[in-house]
Every structure is written in C-alpha cells, then in structure tokens.
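Note that the chains are named A, B, C, D, E and F in the order they appear, and that numbering of residues resets to 1 at the start of each chain.
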Amino acid sequence: MQLSAATWPEIRDCESDLAVVPVGSTEQHGPHAPLGTDTLTATAVAEAGVAAYHEQTGEDVPITPTIPIGIAAEHRGFDGTLWVSPETFRAYVRETIASLAHHGFDRVVIVNGHGGNTDALGEITGTISREDAAYAVAFTWFEGIDTEREMGHGGPVETSLISHLDREAIRENELPAASEGAAEGWGEWVAGVNLAHDSDEFTDNGVVGDPTAATPELGERLLTRSGDALAALLVAVDSRDRGDETD
Amino acid sequence: MQLSAATWPEIRDCESDLAVVPVGSTEQHGPHAPLGTDTLTATAVAEAGVAAYHEQTGEDVPITPTIPIGIAAEHRGFDGTLWVSPETFRAYVRETIASLAHHGFDRVVIVNGHGGNTDALGEITGTISREDAAYAVAFTWFEGIDTEREMGHGGPVETSLISHLDREAIRENELPAASEGAAEGWGEWVAGVNLAHDSDEFTDNGVVGDPTAATPELGERLLTRSGDALAALLVAVDSRDRGDETD
Amino acid sequence: MQLSAATWPEIRDCESDLAVVPVGSTEQHGPHAPLGTDTLTATAVAEAGVAAYHEQTGEDVPITPTIPIGIAAEHRGFDGTLWVSPETFRAYVRETIASLAHHGFDRVVIVNGHGGNTDALGEITGTISREDAAYAVAFTWFEGIDTEREMGHGGPVETSLISHLDREAIRENELPAASEGAAEGWGEWVAGVNLAHDSDEFTDNGVVGDPTAATPELGERLLTRSGDALAALLVAVDSRDRGDETD
Amino acid sequence: MQLSAATWPEIRDCESDLAVVPVGSTEQHGPHAPLGTDTLTATAVAEAGVAAYHEQTGEDVPITPTIPIGIAAEHRGFDGTLWVSPETFRAYVRETIASLAHHGFDRVVIVNGHGGNTDALGEITGTISREDAAYAVAFTWFEGIDTEREMGHGGPVETSLISHLDREAIRENELPAASEGAAEGWGEWVAGVNLAHDSDEFTDNGVVGDPTAATPELGERLLTRSGDALAALLVAVDSRDRGDETD
Amino acid sequence: MQLSAATWPEIRDCESDLAVVPVGSTEQHGPHAPLGTDTLTATAVAEAGVAAYHEQTGEDVPITPTIPIGIAAEHRGFDGTLWVSPETFRAYVRETIASLAHHGFDRVVIVNGHGGNTDALGEITGTISREDAAYAVAFTWFEGIDTEREMGHGGPVETSLISHLDREAIRENELPAASEGAAEGWGEWVAGVNLAHDSDEFTDNGVVGDPTAATPELGERLLTRSGDALAALLVAVDSRDRGDETD
Amino acid sequence: MQLSAATWPEIRDCESDLAVVPVGSTEQHGPHAPLGTDTLTATAVAEAGVAAYHEQTGEDVPITPTIPIGIAAEHRGFDGTLWVSPETFRAYVRETIASLAHHGFDRVVIVNGHGGNTDALGEITGTISREDAAYAVAFTWFEGIDTEREMGHGGPVETSLISHLDREAIRENELPAASEGAAEGWGEWVAGVNLAHDSDEFTDNGVVGDPTAATPELGERLLTRSGDALAALLVAVDSRDRGDETD
C-alpha cells in the first residue's frame, strides 16, 4: 500500500503498526544503467516485500515515498551524481520515521538500495530505537539474500534487477564498453583498509563487476528473494518484544 | 529530461547549466485526494515547464527526483501526514543543489507544490545565491499563475490538477463529504495574524475550499499555464547576470 | 510595562500570562531614514498596543527589550546594515520566549517591524506552540492594519511613522533625493518569482516607494491603528483555548 | 555615534574601521534595581568611551544597538530574568560582528555589562580573530577599572552607576530590604570551586553586596573611568598590528 | 614517538607528514576483561606499527594520545560503559586531525580498537580527505589481519591480546563464568538484519565468544601482525598520490 | 579506582554516586616540558584526590580515562599543539558525564589541568546540573590551592609538578633557554583586556614564568595540596542537597 496514493482516512483505518520506508540514491551506475538505479530497486523490493507479507498475513503495510537522494559523495567524480551530507541524510530519514510514529506506525523497516547509505542507517536505527518513539531496522536488500554474483557497482546484480524491472532502462549498446572499462573490485586495499575515498580513483567508467553477465531472469529471482526476505523481516519486527528497546 | 532516468555520460553531455528540482510534500489532502498530491503536482509542473522550455529553446534541462517529504507539521492532526523539521528540509534541498552545482548545473529552479515549503525555500534560495556556488530561485506553481479559484487545501485548484493528471486518484464518492466538512478559509485570523498553527484547529476533514467545483478541464488549463510560467522563468534564469549574486 | 525597567518582584506580582516581544532590525532605510527604523517602529507599536490593552482590560502586560538585529542580509549592499543568519535569529527569539514561559508568561505576542523577519517568526511561533511550553504568534504591524499606501521600504508608510515618533530622525533635506532614486516596487519578478535576492539589485539608494508622500499625521494614524490591532490580538490570545496547541 | 540613528550614507562616510558593540543582559538585580541594569550600564559606558575617544582623536566610532539578552540562566530563580543559551548568544554576537566587518568595521570592541557573558565573549573574540574577517576583543567595564568596592550583584557598584544614569531607576524605599536580604559574596565555595550554579542558592533576594553604600557620585566616577579605559582600549585596538591575527 | 611525551621543538623537528591517532573505547568487556580493553589494544597496535615502520624506514611518526571514549551506547546495559554520540565522536576526531594538519601532519592513520567506531571513522576519513586539509584513513586492527579466531566481544581475540599486553588485566578466576554466560554470536539476525540494537539483548554477561580459548601467545602473534599491517599501511599512505583527494 | 581498569561487575558493585573525570590538553609547554603536561597533571591530581578521599571515607570513587585533547587553539603557533573547538570539547565532556549518570554516577567532579578549558567547563557544569540527570562541578587544580608561585605556562608551578611525577619528562638541559625566552606574564593588557588571542604574540618559546625556579619538592607539595583540596570537594559534592539543582 503506497501511503502517498492513499487518503488520510484510509491510512487512519490501517491497523498495522508497521511501515516501510524505501531509501535510494541518485548516482552514477556506469554508462549503461540509470542514475536512479538504487531508487528503482529499493522501491521495487519494498513493494515485493509488502506484497509477500500481505499474502502471508492479510495485513496491509504502508510504504512511504522513496527517499531519492542519499550519501553518494564518493561518486561525485561522475556527472549527475546527487548527494547530501551524512548528517542531513540521517536527519531526513529519522524525522520522517518520527512522523510515522506520531500516527502509530512505530515499527519501521527501512528498505535500502545503496551501499553508501548502510552505515548511516545502522546508526540512526539504533538511535531511533533508543531515543525516539519508534523501533526501526534497515534492510539493505543485497545483503539479505543470495545474490549469486558479486554485488559490485552497476554490475551483474543491479543490472539484472533493473533489467527485470524495466528492460528499456538498461542501455544494451553500452554494455560492452561498460564491461570493458569496469574495475574488478571496489577500492584500493592495503592491510584491510581502502585507500580510495572516491570511486573515480579505481574505476574509469564507474562500473565494478561485469554487467554483461546480467539477465532479467536473475533479476526476477533477486526480486523474489528480496521480497521474501523482507516479508520475513516484517513478521519478525511485528512480533518483536520492544520492552528492552525503550529508554 | 529526468536526471534519474539518464546515465552519467548522458548528463555529462547535457550542455545546459540549468536544472529543475521538484519539491512536494506527503500530507493529508482531505478524504478525496491522495496524501501525495503536492508531490504529483510539483512533478507534473516541472515536466510541463521543461517540455515547454525545450520547445522554445531546443535545450534539455535535467529534472532531479522530486523531494517527497517537506514541512507539514501543521497537518500532523491527520493520519499519514509525513514531515521533517524546517532545518532538515532546508539542508536537504540546499545540499542537493550544491551537488548539482558541482557538476556545473548552477542555475537552479526549485518547483514547489506545497505552500508550507514556501518560506523555507525563499530563505535557502537567498542563502544559496549569496554563499554557495549556485544561483537558485523557487517557483511555487499556484503563486505564479491565474488559478481561477481560491487555492484552499484539497480544494478546487489542487483537485482539478490531480483529476487531470490521474482521474482515478480522486475518490469521487468522497467529494460530497469532502465539500461538506471543508472550511471556507485557511486559519483563524485576528488583526492579520493566524492564531491557528495546525490545520485541524479550523477544518474538520482537512479540506479548505469546495472540491466539488473541480474539473479536469481546469486542471489541464492550470498545468498548461504553470508549464508556460516555468518556461518563462527558465528563460529569465538562464540569461540572468549573476555578477551581483556572487559573494 | 517595560520589563527591563521593572524589578523582579514587580514582575513576580504581575498577574498576566501575556508578554510582548518587540523585534526590529538594523538595516538601511534609504538616505533619509535611520538604520534603526524597524526597531523604533516595533518598539512604538508594542507600547501603543499594550497601552490600549491596558485601557480596555486594566491589565499590565510586560514588554521585553526590543531585539534589535534581525534577518537583513538582503540589504548587505548598503553600509551599516547588520544581520544574523536566520538560524541564529530563530534561536535567539525562541529561547527568549522560553525564558518568559519559565516565569509563567506563556502566551506571547511578537511585535515585528521588519518584513525580512516575517517568515522566520511564522516558523518559530509554530514550533514554539507545538513543542515548547508556550503559545506564540507574531504580529507584523503593517500587515495587520490599513496602511493607506504601499509599504515599500523606507517609503511613505515607514517614513510617516518615524516622522510621528521622532521628527528629527528623518533627514528632510534628503527626501527629494530619496524619492528620486527610489524603486517603484520591491524586486524583479518573473512568473510570480522575485529573481533579485538582494535589494541593491533593484534600488539604487535602498528606497522603495516615495517617502516625500509621508506625513506625521499618517504616522499617527498608523500608530493608533497598529496599537488597536495589537490590543485586539492580545485579547484573542489571552482567551484562546490552548488545548489543541500543546503536544 | 549611534549606528542605528544614522543613515546608510552617513555610515558609508565614516572613516573608522573601529566599531563598538554593547552587550547587556535582562536579569534580576534585586528588589531595588531594574532588570535592565546591565543593558543600561553597557550602553552608557559605550557612549562614554566613544565620546572620550572622539575627544582625543577626533574620530567617530559607530556604536551598534545594545544586545539586550545574554547568558543569565543562573538567575532564572528570580522572575523576569531572560536568557538564551550560550551557543545562541555566541552566534548572535559573532554574526553581528561579521556583518560589521562586511562593511569594513573590522576592529571591534564589545562593551559588556554582565559577568555571565564574559566567558562566552572571551571565546568568540578569539574565534572571530582567528577565523573570521575581523579582530575583536571584549571589555567588561567593571573588570577594567578601579571600582572602589566589590562588584557583587545589584550591589554598591552597579547601584551607583544606575543612580548616576537615572536616579529614578533605583527604588530607594526598597534599599533597606535589598541590603538586609543580600548575600555577602557570590556563590558557595569549596577548594576554589563554586558549588552553586544558580544565584537563588545563596541569595534570598538576588542581591550580593550592600546597595545602601551606593552613591551617584561613585556612579559618576565609575562612568568616567570606564569611558577613559574604553577610549584607551580603542586607541590600542586601532593601532594594533593584525598580521599575526589572521589565519 | 608519543607526541604527548615530546616537546614542541622536538615535534617541529620531526620531518614526517604522517601521524597516527589511536582511538579506543571505554566499555564493558565481560566479567574478566577491563572496560579499557579497546583503548589498550589501539594504543599497543599504534606503537607496534610505528615501531615497525621506524625499523623499515628510519622515520619517526608521532602518535597522538589515544582518544579513550567512543561510540558505545549499544553496551549501555552494562555498568561503567562510557559513550558519546556519533556526532560528537566524529567532530572530536576530525578536529584533532585538523590540528595535526595545521602543523603539517596531513597524512593521518587512525588506529581503531572498537568495532562500534568503524562506521563513523569511515565516514569522517572520507569527509576529511574531501573537504579538509588532510588525507586520512582508519585502520581497525582486527579487520586488517588474520585473527585465527572469531572476533566476538571480550572473546578469544581481545582476551589474548590483553593477556599479552598485561597479564594481570584479565581476571583469570572469572574466565569460566565469562565463557559460560557468553553468547555464541553477535546479535539476533533475520534476513541479514540484526534486530538487536543493544548487546544486553543477546548476551547475559556482555561476552561474545569463548575467552577461555585465549592465550598470551596468540596475543603476541596478533600484535606482531597488527603492527606489520599498520607499518605497511603507513608506507602506502606516505607514498600515495593525493592529487585526486583534494577538493 | 581507574574505571577503565575495572570490569563492569566491579563498577556495578561500586556504591558511590561520585565519579571523577580528569581533563587535560595536548599543547606546547615550552622547550623543556612535554606536550602532555596538562594531561599528566590532571591525571595525577585526580588519583591523589581519590586516594585522599578513600583514606578519609573508605569509599572508592571511579576515575574515568583522562580526556586528552582540549581547547588550545591559542597555542597553535607552536608545533604539536592539538585542539578541538570549544563546542566539540563541551559536547564530548558533557556526553561522557551523561553516560556516567546513566549508571548512577550522577555527582561528578571534573579535574582540569588546563586553563584554556576552564570557561568551557564552567559553562557545561551549569548546563549539566540544570538540564541533565547529573550534578557536576569542575576543579582546576592550580586554582584550588596555594601554588606558592605564579602559575604562568610551563613555568615553575607546572614544571615542579611534572618534575615530581616523572623527573625524566623535564628536559633539564633546555631549562636555561626556556627561562631566557620566557615571557614574564600572560598576554598584552590594556584596560583589563588581553589584546593577544594567541600565545605566540607574547612569548617566543611558549613559556610564561621562570621554569628554573621549579623543584620536585614544590611539585610534591602541590600534589598533596591538590589531592587534599579535591578530597574536600568530593566530600562537599557527596553531601550536597541537590533539591535546588534539578530542573
């Protein structure tokens, strides 16, 4: 249930205390995939998970609008990448969740499509659960499932999922170049430390991994698995004893 | 041109230094209109304006994703209304624009669909233009055109525009009740001062104005006028001498 | 009753829960009017309103010192203009009101003399009323009365009021030049949007409107009307049911 | 020269790069002295100092409006005391000085009338001088001269100065009670540490020291000495080599 | 070279532009290990690494004092755990590094002993390298080496290292109880998400892993490996081209 | 009792509600004394005081790790000086104390070794005592005792105490030069105002006072006196009625 498509009395009549907040990013994903990749995937996974949860429980969980701009300064070397500071991102998500809690939706699952948001979301879900009137956790879809291949960036995993969601969104004729100019791994590592703070230090075209290995069929499997994982998480969050969480 | 649908090389090849940032809100719009009304209208006006500008000039202007959650605590009395603090909203929009300017899009028009955002946008466009590496102004569509009727809230103007954009989005069977429970005007005024800080102090169902007076035809006219006004504004911003604006 | 002229036991014995906080600005008002114009007018209107209220009700309302420096970066092109950031201004006023509330003065009317402060005051009176231990509204005097003429800046309205308050404060010999160099209206508008963030983009000498049209008699009428309007507002604030305002 | 009484061209024609910023407080000063005592004294000392400096050098130094509300939470136990947080006070004064520096007044002396402001002013004058476009120092008048008697609070020193400035401002009939209920010293000390954070922990009526020992003649001497000290400071600030001060 | 043991001329004569900043935490480590465990380990690893680097290169690298209190709210359920907010921790470390850079030590390696600090350090090293006058990376010792066993918390890895550094610091008689009450793994996981924000939700005595498996010999190996890894990192940071890092 | 050397059950079993937080600085102390001087002295005084208190009362008071980096921008002219902003320092100390209060240690004495920290500590102990769940005061050791000689900076007082604590820490061969290049007093004063914001404006080698006058015997006396003073303060804080302190 898309909260933004509902009217306020429809939300008032919603009995769940669960809500889902998708969080994406607008950042380069190579010459073949759209800047909005992470927003598209977070939105799709949120919908798949809420649908799966509805099928299992009969309950409708509101999905807020996807927050479209995240923490992506590391991709600033590539045109069109948008970003806000971690402080601002944290505040924007935390306060959005506080407004959900004001209406009684105080068990919140953030569905995240971008690795660069993960640390910040880990931080604020702890803070929210300790200090605010809500319990929150963050689900980064590609960390919760078997992705079959390395995640990379604009690589086979994301390219597959986008292909499944919207075949046209992938520039097929750019795939060979995307693959050729890609880095094999993320970063430049010494002693377990990545010396490269920006992605243009180690990838020429923004890609990590081989997007020519992507298929819509893998994308479909990824979406199903992510939706099922999110549904399982919603079940667990719904029934979790919050006694220890409140300050 | 939707920035999020483009790839980074496509944005790199875009010659404009203009960009458009739509800003909406997720907040009650009565029992008949969706919570996402202001996001829908801001998005549609941004697209109409960029299309009109393209027709006139041949130039493509990137539109960022619509920022979906704004300043709406005044509607917190109605379920499903989401909001962030003015500080956080200002930071989120300002930093998004700074990232645009990083890529050379340093003449930015914010397209706003929500009256509650207007003051904050006026403030940051001044600050951005004085202190940051960009020039910015904010266009609140219903302030820039002849709306034929009083704006209200969830009233004939917004309901018309939504009807035109997506007929199904308006709950037709709720319109009589929406009209009946509506307030005639916004707020409770003494000596030019509104004593009511929250909308549920003066409207029972969240509506101000009579939504039964809405028509898709008026919506179409509103969209055309807004698009034309935005195109005219883009022309003016594109050619404006920024000598005086920089600190 | 000027709070700063009273002793603490005199304030302790004051039975009102009303207080008035005048807020001005120190900023250019053309070659003929003093930089302190907005502080003078806010102070005078506060006193007139509290006197009128006392006449009607017999009650004494404390007036705090006038906050003399506001949001005026838009006038930075003219010497002597002082300003603080909107964040700092909001914090300064909000915390001042919190200290009033600590002593039981928790129904507060801000009396504002400067248009540039209006948006910020609208924002914090909402926040104070929702989150702090007080109810507050802001009265910008020239928005609450019939001013007979366009407000402008350093124009006939303000010049009249200053003439009435302190005839010497207006440099009479500068009036012709002030009028000649004045802009007719505020800003440079396209599609309902003001493209000029700073006043020196559209007025050569800082004036908007014709100050030669000012008279002390109009100033006297403006003061009486403003005082009456403020008294009416105090009556309304005093009796307002705050049940809905408290979080 | 009161900046707020001048017009912008008059300030433009002012050749000094010195400016004076008086800072007071609105806080209890016992049953006999007004809440505005520190604002009155800071204002008077600023004027006396600028006059003495003018006499010596022929130069006119602008005095900004007195900032009337400072750091005074320690007096919150007594009605009418107003205060802001140290953070907000620091920002308000620092940004005011930044706006002076924008116009070329970049050697600034703060004239302070309240002990509770001293630490914060010491901090920001260092920060301003290191990081901003100005050099600033803070002069707390009763620290810069021979006060003949212990400062106290609402005691003989302040009461004398107020008596000299405005005889009516002191409630003479309250003086015996003020004296009787006064504390002998400020605070409760163990091992060089004051255990009392608020003044109502050690004084019943807010007074420290004996205000019956005050005389207008002492007040006059205090004002002359303070003015002379401030003039000497202005001379030193005017001629100070700022080479080492700039970052 | 401990910076705090040196005099300023000794630091002035130091030719390196490298510096090491150890960061620990003061938090529960079970009934057998001291609250200062992470501070002890970070300090020891920093010293071992700088010594190894000196042996290889002959260069002396200053080590700042260890920052002893970090991000540890997750352990607040156990007595004696100290923590600051992530915002404050980030500012404290970032500004410390800015002061190092002021003196020319602008290639900085943070040596971290606490997993809860990792995300925050990742964030600020990026921000420092992009926006400040320094390049920084963070080395969390147990992520950079072969630890032979699972890290846990107060488990075999940390207990071994402390045993090696200071045998007395481990309460040997508490080891059996520590082992018995320990959790096997960190957190409560569903779909790749840890539902437990605080450690007392999944471990009764604060321990994760079996500390009875610890040996001083393993501790010695861990220290050697960590020191070697840090030395290798210092070599890489010293020679890294910073062209791309500066804004 | 060093908190960081204890385990959490040992802290749990501690019955005191007192805690001691030592605060130092890492900053130049001339060519003869280490940069860590203030951290060493604060730590030693804290230990001496807690030992003396234990002797008197039998009670054990936990001492937190010493916060090693403070407010020292004024010494930035000398290499190796580290500092954070006053805001960050205040937050770091305040939040550390809040975490102590979480465990019931809500009567806190800060033991400070650096004059530059004093104002900030005065501010936050007031704020903590008014707004947080703890009562706090700050003891700057050289302000609480008879120091026999002028404090200076790296002068006879500090040099004596360091000599007593660690004879090797003082570079004896640098003492003559240290003395010769020293300033006689701190700052450049006009009208009670120090015109010098940074120490390198008035001392060539960072020293104020004559360190050749230092003796370990004086150091021993200073430590005993400081410890006794701190013990007396702990007694007073332990028994203080906090009724008036809580908001």
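Keep in mind that, in the parts below, a contact is a pair of C-beta atoms (placed from the backbone, for glycine too) under 8 Å apart; a residue touches a chain by one contact, two chains touch by 3 or more.
Since this is a predicted model, take the numbers as computed values, not measurements.
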Co-neighbours of subunit E and subunit F resolve to none
Overlap of the subunit A and subunit C neighbour lists contains B
For copies subunit D and subunit E, the superposing rotation on Cα atoms, rounded to the nearest 5 degrees, equals 120
The pair out of A-E and C-D sharing more C-beta contacts is C-D
Greatest centre-to-centre gap (Cα means) from subunit C is with chain E
Cα centre of subunit A to Cα centre of subunit E, whole Å, reads 30
Distance between the CA centroids of subunit A and subunit B (whole Å) is 26
Cα centroid separation, subunit A vs subunit D, in Å, comes to 55
Multi-chain contacts in subunit B, i.e. residues touching at least two other chains, fall at 73, 87
Among line, ring, star, complete and other, the chain touch graph is ring
Read round the cycle from subunit A toward subunit E, the chains appear as A, E, F, D, C, B
Contacts from subunit D onto subunit F in the complex sit at residues 73-74, 86-87, 119-120, 122-123, 125-127, 129-130, 137-140, 143-145, 190-195, 197-198, 200-201, 229-230, 232-233, 236-237, 240, 244-245
Seen from subunit C, its contact residues with subunit D in the complex are 2-12, 26, 28-36, 39, 62, 64-69, 76, 78-85, 87-89, 91-92, 95-96, 99-100, 102-103, 169, 171, 174, 206
